[in-house]
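A, B, C and D are the chain letters, set down in written order, and residue numbers restart from 1 in every chain.
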Amino acid sequence: MKINISVCGSDGDDSDLGSYALEVAKTVGRCIAKRGGVLVCGGRGGVMKAACKGAREENGITVGIMPQTKEEANEFVDIAIPTGIGHKRNFLVVSASDAVIAIGGRWGTLNEISFAMIFDKPLILIKGTGGCVDEIINGNLMQHVESTYHIADSAEEAADKAFELCRGL
Amino acid sequence: MKINISVCGSDGDDSDLGSYALEVAKTVGRCIAKRGGVLVCGGRGGVMKAACKGAREENGITVGIMPQTKEEANEFVDIAIPTGIGHKRNFLVVSASDAVIAIGGRWGTLNEISFAMIFDKPLILIKGTGGCVDEIINGNLMQHVESTYHIADSAEEAADKAFELCRGL
Amino acid sequence: MKINISVCGSDGDDSDLGSYALEVAKTVGRCIAKRGGVLVCGGRGGVMKAACKGAREENGITVGIMPQTKEEANEFVDIAIPTGIGHKRNFLVVSASDAVIAIGGRWGTLNEISFAMIFDKPLILIKGTGGCVDEIINGNLMQHVESTYHIADSAEEAADKAFELCRGL
Amino acid sequence: MKINISVCGSDGDDSDLGSYALEVAKTVGRCIAKRGGVLVCGGRGGVMKAACKGAREENGITVGIMPQTKEEANEFVDIAIPTGIGHKRNFLVVSASDAVIAIGGRWGTLNEISFAMIFDKPLILIKGTGGCVDEIINGNLMQHVESTYHIADSAEEAADKAFELCRGL
């Protein structure tokens, strides 16, 4: 059975996201594919599309857990899993994965991050990618609870950490 | 048809929660019942139990959306809705309600708060109740996105705001 | 905590359903309310609306687990629980209840009947109400598996059986 | 993007199932893989395992939508999607697929068949495989509703029909 790594982040178009976040997402996708992992994501645009593109470039398999239909999937999704339950599908992106990597993001990403913590899934936040990820890293949220998430400085470090944590399961 | 207001917060026992948070939760429950609303919550202990207790004191109806079984419900739940899907039931606490009031809380509450924002539900955070609620109020998260949530200084203000926003729907 | 009894059946308008099925549904609703139970259903028209009407006439509480929004609820639903997940909400109608009564019905009802069997919920089929209920009673489906469902000849018998089975839990 | 075909049937061990049903399941798996489709199933034993084995023999990709964890997957599942929601995951096996093939089966299969009808998914029942599939074919259920499902006499015919119906979407 293959190792599944999910990448979570905003589905906004390029102008909503820093180009750094998209570059990181693509590199994470490449790293997951190079290590033989399956890239799992919400199947939409933005960070998800960039990660799928990276995985495709390395001949990896990409899975998109879609809100409604197959048609919503970005062009780099190999296997689309339409759910018909909208944003309620977020839990599946997390439960389907052996580790979760978060990049930038807004409320949807925060929703997935909170599911990762609730489900005790290995979670890696990539520093400098903006959005709720940097707000968690820089802010107060991490001080409150016994934090079990990990902070990576780069895409490569995040992918390494994700696979290391999966194998430790 | 009745108005449903949900109360979200930690299910920890009293020692995990400030007594202020529990007092606020109970008063919120009383206020919802006095105004004829149905109190919806996750049906467990801590903030949920305190809110149910308050609603019961005013002869209100309490609904608990349970993770697994009816037996998990606190003693002040009138109508238990067992789901059998664990924490994945969080979305239902939010979707079932016309407005959401959050008190203190940890990752589960943050999960419900993020669903409220994703679903465009009226959301009221009560200041001074600790946990992720105060971290959102005091921290950076609210600066990032166009915030549509409301901050209340007291239980009464929160309940007033919740009913005001429901009626505006 | 209250006992919840669900009533499952077609949401078609009157012309799709025999008047007997609707009459039975209304009487079942009355019987549930008279015994102090909460009527749980999918909140729509047809059999669901008739059952809610009956329960309302006896001042019972009715809960509608809605496919999408509160606005879909029939006029006799007291507490609407919008789910936003469409027909995937069927499992909740079953998991929310201590016993399930099925009347007539088509694929949606068969879906709920199969969930009742999978969840080991007490299930009562009312004979003569048509649809998949009579097809199960008269057909081959009941011969195949070790059947744990019950067959009632009338609304009253169905309600009696439902409460008897709940109390035995 | 790949075409997804789901295979539904009992997870019982071999003694519960006729050897014909298992042989058919394996051949269906082979046919799906040979045509370049992804085999989607509930990931467990019995019919699901036989179908995955067949797909694996033809170097196809197999996806298992698991009730709870990855560990539940049969040895021929390539990509396991743990859901943590138990049998409530059945809807996903159907929503994830472009067409559904049902073989034998009991209440779980009937649950998936009813979801296929509710979601208007192309559905093919394979004759002679026993369980609820043959009961639907031979019984009354198909007379009641405007049937949109298809009956195949063999594994090959079922796979041909499934791909034909997908392409027509």
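One rule holds in what follows: a residue touches a chain if its C-beta (ideal position, glycine included) is under 8 Å from a C-beta of that chain, and two chains touch if they have at least 3 such contacts.
Model, not experiment: these values are computed from the prediction.
Taken together, chain A and chain C share the touching chains B, D. Using the mean of the Cα atoms as each chain's centre, the chain most removed from chain A is C.
In this structure, the chain pairs C-D and B-D differ in their number of contacting C-beta pairs, and the larger number is found at C-D.
Between A-C and the choices A-B, B-D or A-D, the pair with more than half the same contact pairs by residue number is B-D. Centroids of chain C and chain D (each the mean of its C-alpha atoms) stand 29 Å apart. The mean-CA centres of chain B and chain D are about 41 angstrom from one another, to the nearest whole unit. Of all residues in chain A, those that touch two or more other chains are 84, 88, 91, 119. Contact residues of chain B toward chain D in the complex are 84-86, 88.
Those residues of chain D that touch chain A in the complex are listed here as 1-2, 4, 38, 61, 63, 65, 70, 73, 77-84, 91-92, 95-96, 98, 119. Residues 87-88, 91, 106-108, 110-111, 114-115, 117-119, 131-132, 135, 138-141, 144-145 of chain A are the ones that touch chain B when the two sit in their complex.
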